[in-house]
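Next up: some structures, all given as C-alpha cells.
Common to both upcoming complexes is chain A, partnered first by chain B, then by chain C.
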Partner chain A sequence: MYNPTVARLTYRALLGRRRALILGALPALLIVIAVAVRLLNGADDHAATEILGGFALASMVPLVGVIAGTGAIAPEIDDGSIVYLLSKPLDRRTIITTKLLVAIGVTLAFTTLPILLAGFILNGNSQVIAGAFAVAAAVASIAYSAVFLLLGTVSRNAVVFGLVYALVWEALFGSLVPGARALSIQQWSLAIAERIAGPGADITSEVSLPAALILLLVATGLGTWYAARRLGSLTLAGER
Partner chain B sequence: MTPPTAQDARIHNIGYRRYEGERLGAGYARLSLFVHSLRGGFGLGRSARSKVLPFGLFAIMCFPAVVMVAVAVMTGLDEMPIEYQGYGLAMQPILSLYIALAAPQMVSLDLRFRTIPLYFSRPMSPADYVRAKFAALSAAIFLFVAIPLTIAYAGGLLAELGFADQTSGYLRGLVAAAVLAVTHAGVALVVASRTPRRGFGVAAIIAVLTVPYFAVTAVQAIANEQGGSDAIGWLGLFSPTTLMDGLQSAFLGGTSGFPGEAGPSTGAGVGYLLVTVGLVALCHVLLVRRYRKAGL
Partner chain C sequence: MTTIHIAKTSRWFGNVVAVNDISMDISPGITGLLGPNGAGKSTLIHMMSGFLAPSAGAVTLDDQPIWRNPEAYRRIGLVPEREGMYDYLTGGEFVLANAELHGLPDPGAAAHAALETVEMTAAADRRVSTYSKGMRQRVKMASALVHQPSVLLLDEPFNGMDPRQRMHLMELLRTMGEEGRTVLFSSHILEEVEQLAAHIEVVVAGRHAASGDFRRIRRLMTDRPLRYLIRSSDDRALAAALIADPSTSGIEFDTAENALRVQAVDFLRFTTRLPLLAREQGVRLFTVSPSDESLESVFSYLVSA
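Now for the complex of A and B:
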C-alpha cells in the first residue's frame, strides 16, 4: 500500500524548489504572532485559545490542507503527466494511499508542530491548550488531506472548490447557519480539543465527541476509497 | 557556368500588398487588452464551463442585496440592514474567491503559454501591459461589488427609504468599492504574476488575502479584552480587509467591523490612507519590474 518512489515524487512536487518556503510562511506567521502576543501581553489562556482556534485551526490548517491535498495529485492530472505514473505496474490504490500519506505528512509537519510550539510560547501549555489544539490540528490534517485529495481527482477546479469549502462553508455559512457547523471538519476536531483541554480553556464545539470521531473516520475513509475508485476509472485519453 | 534551372528562374508577383489602413497605435492595443481581460474575468468569450464559477459567485454576491430589499419592503424598515460602505467587506469570502479566480486567469495563463513576448512585439510597453491588466482586474472587482450595491439602491428607492439618505450612502458605497477594487487588484496581480500555474496562484492569493485577516482579527480580539482600543485601530493596517474596513469607517461614515466597533482614530485614519496609497503604488512598481524582461 506504500511505494517509496511515488512518495518521493509526490514529496518533491509538494515541497520542491521554493514551495517549501511559501508553505512555511504560514507557520512562521503563526509563531511570529505568538511571540508578539506573549511579549506584549504575557501568558494568557484566553489569548492562546483565540490565536490557536481563531487563526491557526480556522484558517491555517484548511489552507495547508488544500495546498497539500490537492497539490499531491491535481497538477499531475491537469498537465497529463499522471499517465506516466499510471502506466507503471502499480496498483492505483497504492498510488492514492501513498499520495495521501505524503499529503498527511506534509500537512502535519506544517500545522501540528507549529501549533504546539505556538501554544507553548503563548501560555506554556497551561490547561493543556497547546496539546489540545495540536491533537485537533493533527486529526483535522488527516481528514482535510483525504477530502481534498478526493477533490483533486474529481474536479479540475479542485483548489477553488477546496477553498469554497474551507472559506465559504466553514467560515461564512458556519457563522450564519448553525446547522452548517455540524458538517465541518473544523468543528469535529474542535470537539476533540474540547475534551482534551482543561475546563477553563473555553473551547466549544457544535458536535459531541462520539459523533465527531465517527464523522472524521467516515470522511477520511470514504474520501480515500472514492479517490482510489476515481483514479481507477480515470481514462487516459482525457476529454479535453 | 550557370546551372540550367537558373535560366527558368523568374519572380512571380504573389500579390503582396502593404497595409494601408489606419494604424491604431498603442492606445488602441491597451484598450483592446483591457476589454479582453475584463471580459475574461467574467468568462465571457470563453467556454461555458468557465462562466459557471464567476457567474455563480456573482449570483451569491447579489443574493444578500435582493434579500435586503425584500426585507426592507416587507417589514417597513427605515434603513438598509447592511450599510452600502461595508457590503463588499461583509461578502469578503465570496469576493476573495472571485479575485483569486480572476487574477490568475488574467496573467498566469499568459505566462504559462508564453504569450507575453507576443504582446511586447506590438507597440505596447511592459508598463502598458501592466496598466491594462491592473485596470481590467480593478474594473472587474468594482463591477462585482457595485452591481449588487446598485440593486440594493434601486430597491431602497422603490421601498421609499428616503432619497437623500440612500443616495449619499450609495455614493459612499461606490467610493469604498472603488478603493477596495484597486487595492485588492494590485495585491492579487502581484501574487498571480509570480506563478504560471493557475491552481497555485488561486491558493496563494486566497492565502495572502485571508490569512492576514484571520491573524489580525485574532490579535484584535485579544487587544479588545486588554482594553487597548488604540491598538485595535493600528493593528487593522496589517491586512487588506481590515485596511479597507478602517478606511471606510474613518472617512466614509461606515460602522467598523472591528471588535467593539472601535474604528481607527483620526491619526490612525490618515495612516490608513497613506498605507492604502502606498500599497497600490508598491504593487504597481512590483508589477512593472516583474514584466521588465519579456521572457519568464
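Now for the complex of A and C:
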C-alpha cells in the first residue's frame, strides 16, 4: 500500500519549486499574527480561540490541504507524467494511498506544528487550546488531503474547486447557512477540539463528536477509494 | 518473443468511433503504425499499452489481456508522446525512479545500463528541464528500456527531432528489433516509416487500411496503375511491344530522362512479361525502376480510397 519511489517523487513535486513557498507562507503568517497579538494583548484565551479557530483551522488548514492534496497528483495528470507511474506493475491503489500519505504528511507538517507553536505563543496552551486545535488540525488534514486528492483525480480545475470549497463553502456558507456547517470538515474537526479543550475555551461545533468522527472517517475512506477508482480508469484524455 | 494481438477491436468515444473493428498482430521486429493525424493511431497505442479499454474486441499480450493488468507492464516499455516527465528530476534520477517502480533487483545498475544504451550517461546529472527535445526523447527511451521489455511501444517518437537525433533513434530501434523485441512506433510521416519499418500497418479514419510489407501492399492495389521508369538499348521497340500487351496501359517517352515511363495495370503479368518481351525483341534492359513506389504514394492512394 506504500511505494517509496512514488512517495519520493510526490514529496519532491510538493516541496520543490514555488509550491513550498506558498505552503510555508500561511503558517509563517500565523506565527507572525500570534507573536503580534501576544505582544500587544498579552496571553488571552479568547484571542487564542479566535485566531486558531477563525484563521488557522478555518482558512489555513483547508488552503494547505488544497495545495498539498491536489498538488500530490493533479499536476502529474495534467502534464501526462503520471503515465510513468501507471505504466508499471504497480497497483493503482498503492499509488493513491502513497500519494495520500504524502499529502497528509505535508499538510500535517505545515498545519499542526505551526498551530501548536502559535497556540503556545498566544496563551501557553492554557485551557489546552493549542493542543485541541492542533489535534483538530491533524484530523482535518487527513480528511482534507483525501478529499482534495480525489478532486485532483476528478477535475482538471482541482485547485479552483478546492479553493471554492475551502473559502466559499467552509468559510462563507459555513458561517451563514446553518445546514452547510454540518457538511464541513472544519466543523467536524471542531467537534474534536471542543472535546479536548477546557470548558473556558469557548470552542463550539455544529456537529456532535460521534457524528463528526463518523463523517470524517467516511469522507476520508470514500475519497481515497474513489480516487483509486478514478486512477484505475484514467484514460489520459487529451492525448488522443 | 511477444506478440500483441488486436482482435476485432473497436473504441468509441460517445458518438465518435476512433478505432473501427481492427484486427492485427504485432509480431517481433519493427512495425510502423502509419496514418494521418486523427486516424486512431494513438487510440490503438493506448489500448496496446493498457490506458484505454477496448469498447469491443480484445487487445492481448500473447494471451493475457492488457487492460487493468498491471503485470503486463513487466513486458511492455512505453514511450509516450506527451512531454511531461518530472522535469525537476535529473535524467539519471528519472530513469532510476522508473527502474525502482518496476521493482528491479538492482535499479541503479539497470538505470545506468539503460542510460548507456541511449548514450545519455554524460548528461544524466542534468535536470530534465534543461534537456533538448532529442535528449528528452532518449531519456524517455531509457525509462522504457530499463526493465528490458520484450515489447516497446512508441507514440510519434520522431516528432520534433532533428535529423541527427532521428538517425540515432532509428539506429537504436533497429537494434531493438534485431534483438527480437516487438517494436511498434506510430508516425504520420512517411519517410520515417519507410526508412525504419519494412512491415507497416496503415490506419485511416479508424479503419485498418492495409497491412504488410509496404512494397507488397502497393503491388496488391492492382486497380491503381504502377509506374516504372525503363531504360533499354531500344526504347521505341520495347515500347511498341509493351503497349501491345494488356499488362501495360500507357507509355510515355521521357526525353529529359531519355527513358520510358510505363504505366502498368497488372503487377504480376507486367513483371513476368517485361523481360520476355525484351528478349523477343532483342532489346537489352538497362534500368527498370518503380518510379512511385514510395510510401507517400501508397499512403495517398489509401487515404483517397
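The working rule: the second predicted complex is superposed on the first by the 233 of 240 C-alpha atoms of A that agree within 3 Å, B and C clash if a C-alpha of one lies under 4 Å from a C-alpha of the other, contacts with A are read in each partner's own complex, and residues count from 1 in each chain.
As a working rule, a contact is a pair of C-beta atoms (placed from the backbone, for glycine too) under 8 Å apart; a residue touches a chain by one contact, two chains touch by 3 or more.
Model, not experiment: these values are computed from the prediction.
*Asks:* Once chain A from each complex is brought into register, does chain C clash with chain B or fit beside it?
*Replies:* With chain A as the common anchor, chain B and chain C both fit in the superposed model.
*Asks:* Can A:Val168 be said to touch chain B (first), chain C (second), both, or neither?
*Replies:* After superposition on chain A, A:Val168 lies in contact with chain B alone.
*Asks:* Which holds for A:Met60: it touches chain B only (first), chain C only (second), both, or neither?
*Replies:* first
*Asks:* I want to verify one number. Taking the Cα centroids, what angle sits at chain A between chain B and chain C, in steps of 10 degrees?
*Replies:* That angle rounds to 80 degrees.
*Asks:* Is A:Leu90 touching anything from chain B or chain C once the two structures are fitted on A? First, second, both or neither.
*Replies:* second
*Asks:* For A:Gly80, decide between first (touching chain B), second (touching chain C), both and neither.
*Replies:* In the superposed model, A:Gly80 contacts chain C only, not chain B.
*Asks:* On the A-aligned overlay, A:Ile51 touches which partner chain: chain B = first, chain C = second, or both, or neither?
*Replies:* Only chain B is touched by A:Ile51; chain C is not.
*Asks:* Once the structures are superposed on A, label A:Leu9 by its partner contacts, choosing first (chain B), second (chain C), both or neither.
*Replies:* In the superposed model, A:Leu9 contacts chain C only, not chain B.
*Asks:* To be precise, I mean the smallest distance between any C-alpha of chain B and any C-alpha of chain C in the superposed model; what is it in Å?
*Replies:* Minimum C-alpha separation, chain B to chain C: 13 Å.
*Asks:* Common interface residues of chain A with chain B and chain C?
*Replies:* In the superposed arrangement, which is not itself an observed complex, chain A uses residues 78 for both chain B and chain C.
*Asks:* Report the residues of chain A in contact with chain B in the complex, numbered from low to high.
*Replies:* 22, 26, 29-30, 33, 36-37, 41, 44, 46-47, 50-51, 54-55, 58-60, 63, 66-67, 70-71, 74-75, 78, 157-160, 163-164, 167-168, 171-172
*Asks:* Which stretch or stretches of chain C touch chain A in the complex?
*Replies:* Going by the criterion above, the answer is residues 13, 18, 42-43, 46, 49-53, 68, 70-71, 73-74, 76, 78, 80-86, 88-89, 97-98, 100-103, 143, 155.
*Asks:* Tell me, which parts of chain A touch chain C in their complex?
*Replies:* 3-6, 8-9, 12-13, 16-17, 76, 78-81, 83-92, 232-236, 239-240
*Asks:* For a test of understanding, state which residues of chain B touch chain A in their complex under the given definition.
*Replies:* Within the complex, chain B touches chain A at residues 53, 93-94, 96-97, 100-101, 197, 199-200, 202-204, 206-207, 210-211, 214-215, 217-219, 221-222, 225-226.
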